[in-house]
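What follows is chain A paired twice: with chain B in the first complex and chain C in the second.
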Partner chain A sequence: MARARGTDGSLLASLPWTLLALAFALLPHVPYLPAWITAALLACAIWRYSIEVRRKPVPPALLRASLALACFLGVLYTYSTISGVGPGSALLAIMAALKLLETRQRRDQFVLLFIAIFLVMSSLLREQYLWSLPYLVVGVILIMTAWLRTAADDLEPLRRSLGTSSRLILYAAPLALAMWIFFPRIATPFWAVPIDTGTAVSGLSDTISPGDISALSKSDAVAFRVKFDGVVPDPRDRYWRGLVLHRFDGRTWSGISEPRISSGALKNIQTAGEAVQYEVTLEPTRQHWIFALDIPYHWDLESTFLGPQHQLARVQPIDQRIAYKAVSYPDYRIDLELHPYRRGWYLEFPESRNPRTAELASSMRAAATSDEAFVRAVLKKFNEEEYHYTLEPPPLGSHPVDRFLFETRRGFCEHYASAFAVMMRAAGIPARIVVGYQGGELNPVGDYMIVRQADAHAWTEVWLPGSGWRRVDPTAAVAPERVDAGRTGAMFDGTAAAWGLGAPSRLLHNLVLTWDAANAKWNEWVLGYGPENQERFMNWLGMDDPDWRQMILTLVALVTGLTMLISLALMLRYRPPSRDKAAILYDRFVRKSGLKPATGETPRGFAVRAQRDSPLPADSVRSITDTYLDVRYGPPDPALLRRLEVDIAAL
Partner chain B sequence: MDGPVTQLHPRRIYILPTGVGLVFAMMTFAMLLGSMNYNNNLSFVLTFMLIGVGFVAMHQCQRNLVGLELSFAGTEPVFAGQSAQFRIAVANRSKSPRHRIRLYIDDVQSDIKDLEQGESKIFVLPVGTEKRGWITLERFGIRTLFPFELFRSWAWLHMEPRGLVYPHPSEHAPPPPATQTALGHRQHDARGEEDFAGLRKFHTGDSPRNVAWKAYARTDQLLSKQFAGADMSSQWFDFDAVIADDLEQRLSILTRWIIDADRTREDYGLRLPGQSFAPAHGESHRRQCLEALALFGLEDADG
Partner chain C sequence: MHSGSPLEKTPLGKNAGRQALERACAALGGIILDKDRQIALALACLLARGHLLIEDLPGLGKTTLAQALAKVLGLSYRRIQFTSDLLPADIVGVSVFRRDSGKFEFQPGPIFAQLILADEVNRATPKAQSALLEAMEEHQVSVDGDTRTLPVPFFVVATQNPADQIGTFPLPESQLDRFLMRLALGYPNAENERELITGEDRRSMLESVTPEMTPEILTTLQQDAAKMHMSEHLVDYIQALVRQTRESPDIEIGLSPRGAQALAAAARAHAFVERHSGVFPDDVQAVFTAVAGHRLKPAGNTSFRSPAEMCQHVLDSVAIP
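Now for the complex of A and B:
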């Protein structure tokens, strides 16, 4: 027998809340979902709600089945897979939409609420910001309120449902916190599932082509944060080494695409002077490069190696935010000897491209007395002639270096580094481009340094006999303030002055810094609460060398204790009302009389008996009884109560 | 008729997860595995919040019943075959409201009700009846699914509330006996005056005013005077006079006669072996007669 398809409006009490919870759970997915899925869910929600309001039957099974098939194929067509966060949340949204159409009974809504919970969870897998915590708390409150109203048969006042669910979640909060802290974190996942986060990760490109537009230079996104252990290096020493590019095809610079392990790389480094110790928290890049101050010497990151070109790289790409400690020596010499084969790498450039640059380089080298003098001459040329630093350079043609050097004369670090390296190579000096970050802003709020994507930089290294690879930053010759103050500071001062907004925008900037400090703490202690942080916290709590058994035991003990507290709180909540103050006083009076009131005896009846049989003075008995009746059954009067207390005490 | 008050003690309350609760538990376990796999601390927060809510819901569900006071608030007598409406008063003497309480026995359920603080409400359990006599609820349950329907907590009560079941009124009863007089025929006195119509044997319940004292002095036998007109419509339903196969059928026929006579507001009397009810009418008379029929021949007739 087919089930009745009709609706009777009985879901009106809970359906709006279920829909609200679903909508809230879906909210963070909307930017990533194809528009048609959001639209489908919205349409189904409105459709189903109007069905309930107008007491219409739900759509027939055949229509629902074909809709389901169409939506599933739609998801498959859009994503061409059904695993991962993106297609997963799309499927959840589709399931919610279709389940809505076949929801007849009150209890069918539980399925919708389960879907809402999974939607919240998958949004957390996708991104975890500071606001994700309030989002998930509000989400849980909404879902549990809808749940409460679904479990209830009749309409109860909204305030009551909201109050009940908030109260229960408040009780649950300490339990959740205890479990969160003590649940043992494991380092390695059970099974490797690629997280398709769907977000575009901003980061350095593996290649540079001066002349192409770089959006990175305008991004305020954080690349990484650094905490220094001791001395903070000067701005001019803040070169965060990333990847090295040595191939040049006349237009584009590229390097080795995969990191290579070179066990001998450290041997070729000679260090001098003071070391700089620091900890970097790197945002995910989905690349292999690990950023460190020039030149890294120690690091505590697993499966991370210094390649032959002295670039740090991890075998696995950086999919999640990671933290690592490193030690660098700003004063260093590397590769005092250069293998002829390698030397060939760093001298290569296509003869047919950029002929004017090659010609200029040859003549300038001929005029210079030594390689060093030639380097200085080129830097002097950039510094003294009409070259400008700008983030919006004009486009370059098929001979980009020629056009830049002789015509446009405007560009940013990539242009100068590229032009400089080409000139070096044309003059027979091995040269390569290093891409990384330069600068970083100290945040006094959290006492750490923020390095943003806008700090991305490219500089060059030239190999000179006797001194090895030496860093030369041609951009510094053109725009020294770019290197000295860092880009953020320069931009800030310029903008502020231009708008005449010294103080207010400085205040705004401080707010930004405070917000970033909060984010850094959040990343470190909440999102980054992994095995290491947990062990640190357990040690701080006084547990020596905690293992997972100890933590589980603590967890169980805490949960048991807290559960008992919750039980106690509930017991207090449902205790009988405390006795009336007057009744307690009257009991005292009865005890003093030495008599026992009979069952059902009124205070007046008792008074008659007490006047006759008890040793108490008859007047007092009468007045106390009168006062008691006034206090108990009359309007509240503290003075009267006080009198009753005094009179009884006086007996 | 209020019985003793039973208070629900925590130790008497059972609790088990519902189907929804089991699904909820499986979901949180899956979420825990997912959080561990992705090492995602925010989804750990979500998972542990939901697990915490589960724990709290369990205690809340049990506490929703603890301390409730139940008492039997009586049941109206019914005829066998009808359902007896057992009325149970549930009082919430605590400072907070209780939600979604329901009483039940086997497959019979009361309505679901909320109890505000200090409030007490009557829950009705309609229990089907088959036989006449006393019907006793050996036990009944009180349960709640509050707050999230993840757990069901319940308690059994052995208050043994009792209700009376009258015999089933026969559908095929012969017509009631004709109005009886001492002369054995019907009087058709249009004037309606109280004319002396004869003497008959005294029965319990006869008015002493109507006793023929002179005849008593003469014959040593108590006789009642019968008047035409005065008791013209009064009838006697005599157990022994009913023609039926067995006891239950007789009682059933008598019940039918009483109901019909009561409806026409005629006086009627009932004569059972060992007891007799003089002709009268009215609610209490009807109740007395039906009660006698209900309990006739049963062991715990006065129990």
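Now for the complex of A and C:
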């Protein structure tokens, strides 16, 4: 290997741009990357820059190789795999950092910028928000600018680099649009991106343990959006059914972890009154549960079934945003008959736990005339006695229900639902907990409803002879406003507190709603442009039921046509380049001669020397010098410039 | 005066002027041996409408060059030998009282010619010198309150012996500035000197020289030379050179804006003589010593032995854009 030479500082002008482009490309990955990789990236960038400033040699090959191996093992150790979006982008990031350390020439910088383009694109595998597109455009412009500044022989003004890269993006935009519209979409993509399952998406958990410290999401993240076709149900009817929990071990409620099909479930529903029709756009949850208003009756989602406890679930987990239409009946009766075996499920109650609750339930049931009267009595107890609704309840011990009911008396929906269900079971009434969302905020901007993670809710269902499963929401008894008014008030307080504002801000809230409406449109029109929308659009264009071959042909024809059109426009706009090009070409000639012109040496003087001392043919030196002088100092003549280019290339 | 010349009958096309210039160049080269650079510079100086100062030891062909120029270019020619008793009136002329008409009548001096050879200009007193220099500047003379215009074109070729000879009045810097160029001829090489000794006498050769162009052609050529293409890069170069003369610690007084103008005009004319497509850096470098050498004042502690060396140093320290 050649001895390591010091860097000559020639990259000083373009290196900051390369670093900036890399940083911009990496920024969307940083929240997902392990901290050590971010730290390594920063360290490598600073290291490389200081090397350039101090004209030091880059680190030796052995050190670089061992660093690469160590980082590779580090990624393997952190993720225990190297495939998937997470480890993939981590590897890409770390390779970019290490490539910096062996960047000695322009060519290496180009490799870095290639990596940057790949990185900025790969962030789309994780999330495709509304702002992803502008970010992507800015990122690519930045990378192209870095590219131009690296490639420019003489440093051109920044404005021109930025202008050139923006123009390139502009030329590419029609092609991108054509490809986006016409590239055949198929329902099941033939490439599968391994989704990063390591990072949790906020959603409902499969179990609830009210004894544990509050894990309730206060997140304003959108769970799903709903567009109603007709009447919007009252806030008190907005119960979005998710999963049902029926197993209780004295502390934790759990349900069926895998979705099950129950052929009889639909038969056991009796409906009355008006149906509610709506379309839900569900954000990915990585779970199987499909949310629908109590109680769903029709839905148009494939491989989705109603389980034995009337919970909707899809066989494949929801890894991508999906939209489905559903019809629900707010007025319903389910399971008028309860199989004795099932009945056992809903009465399960560990005797050793929560003895005081069992005792209280027994005495209250004895005092009540009927099951209905007992239910009312318990709700009345919650309503009239000192029970408080709070999102930050104190932790509970080993008899969580006892402690909650008799001591702390503070909690949120899970606590009340759990306590209520336990009391019902203790009194011999079948009961279960339903987890889902309650409420939702109507967005006037887009005329749809937003249901957020903070709307997550738990309520109970009790089975009473003659009326089947009846929904009872004990939280409503404690904090009626939580259910009646929706969560708008509560959210106001949360948002204002999070922003450090004392008073709720209407303006801010309106901004939030507008932004959400824009996001919804983005999801609907851009991200939602799948096979069906594409087919609809093609039909609208007059292509009846095109197969993918036709579409590819259309795409190729369109892209070719657009390219020719853009090229034609560029050709018509073409102006002969400024004669600075001549200087660039002449520099190339000087480099080929292997000699260095002295300060103040004229091209003619240099030519005399080059004819004598350089291996270049004397005739070419003479004619190139003459042409160069004419191009650079004579009147403008594009033909001469081309001749100079050809002559120098021929050397 | 050249009414019999066939030149007047040929149309003054571009090529005619160009060919006349080539022939003039060749004719001058036949008389002044081995001085092609100086001939090109002298022609460039005249094409740039500038005056020429030739400074060298006696006997190196200064006078011959001036006479040859006048002859070849077809200009009316007068010679003024500058001596210490020369009076301004001896240059510009006097008004003489005519008895028969009872009026004063102006007798034009030798200045009223197209090409003046001011021989040994530093032998005359400053008073006489300034009469000449004012005529050069104004292209007109004032005698007894009347302003009289000098002929067009009007060139002064002055010769000067180096100042260390006895009995001279060296021209002050401000007046040296009036000359576009200062040339030194130098000794001929051995072969050419031999030819000078054995060959035909230069004076008799001059007798047989025929004019190669007319003043009209010369005026056209001057106009063409002034239109020579000068690119932005070359303007940058001239500016850089001028800045270097002002900023160099070896030079006390750098080039004035008029000096920069002179440099540009001379470079244009030189490029024209050399038939370049535009003004090349080589043109600037070729005229730089001649144009700047007599305008720069070296600093007191400088180590340069000659103005030429100082100018070369400036050229060597400015990059060509």
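The definition used in the following text is that the second predicted complex is superposed on the first by the 498 of 651 C-alpha atoms of A that agree within 3 Å, B and C clash if a C-alpha of one lies under 4 Å from a C-alpha of the other, contacts with A are read in each partner's own complex, and residues count from 1 in each chain.
Operating definition for what follows: a residue touches a chain if its C-beta (ideal position, glycine included) is under 8 Å from a C-beta of that chain, and two chains touch if they have at least 3 such contacts.
Computed from a predicted structure; not experimentally measured.
Applying the stated contact rule after C-alpha superposition, one finds that A:Thr390 touches neither chain B nor chain C. Between chain B and chain C, B touches the greater number of residues of chain A.
Of the two partner chains placed around the shared chain by superposition, chain C is the only one that A:Ala598 touches, whereas chain B remains out of contact. In the superposition on chain A, A:Gln270 contacts neither chain B nor chain C. Of the two partner chains, chain B is the only one that A:Tyr529 touches; chain C does not reach it.
By the document's definition of touching, neither partner reaches A:Ser50: not chain B, not chain C. In the superposed model, A:Arg632 makes contact with chain C only, not with chain B. In the superposition on chain A, A:Leu124 makes contact with chain B only, while chain C stays out of contact range.
Taken in their complex, chain C has these residues touching chain A: 229, 231, 233-234, 276-282, 285, 315-320. Put simply, chain A touches chain B in their complex at residues 107, 110, 114, 117-118, 120-121, 124-125, 128, 132-133, 136-137, 140, 144, 147-148, 150-153, 156, 164-165, 168-169, 171-177, 179-180, 183, 185-186, 189-191, 193, 195, 320, 526-530, 559, 563, 566-567, 570-571, 573-577. Against chain C, in their complex, chain A makes its touches with residues 579, 598-605, 629-630, 632-635. Taken together, the chain B residues at the contact with chain A in this complex read 20, 23-24, 27, 31, 33-34, 36-53, 55-57, 59-60, 63, 66-67, 93-96, 98-100, 112, 114, 117-118, 145-149.
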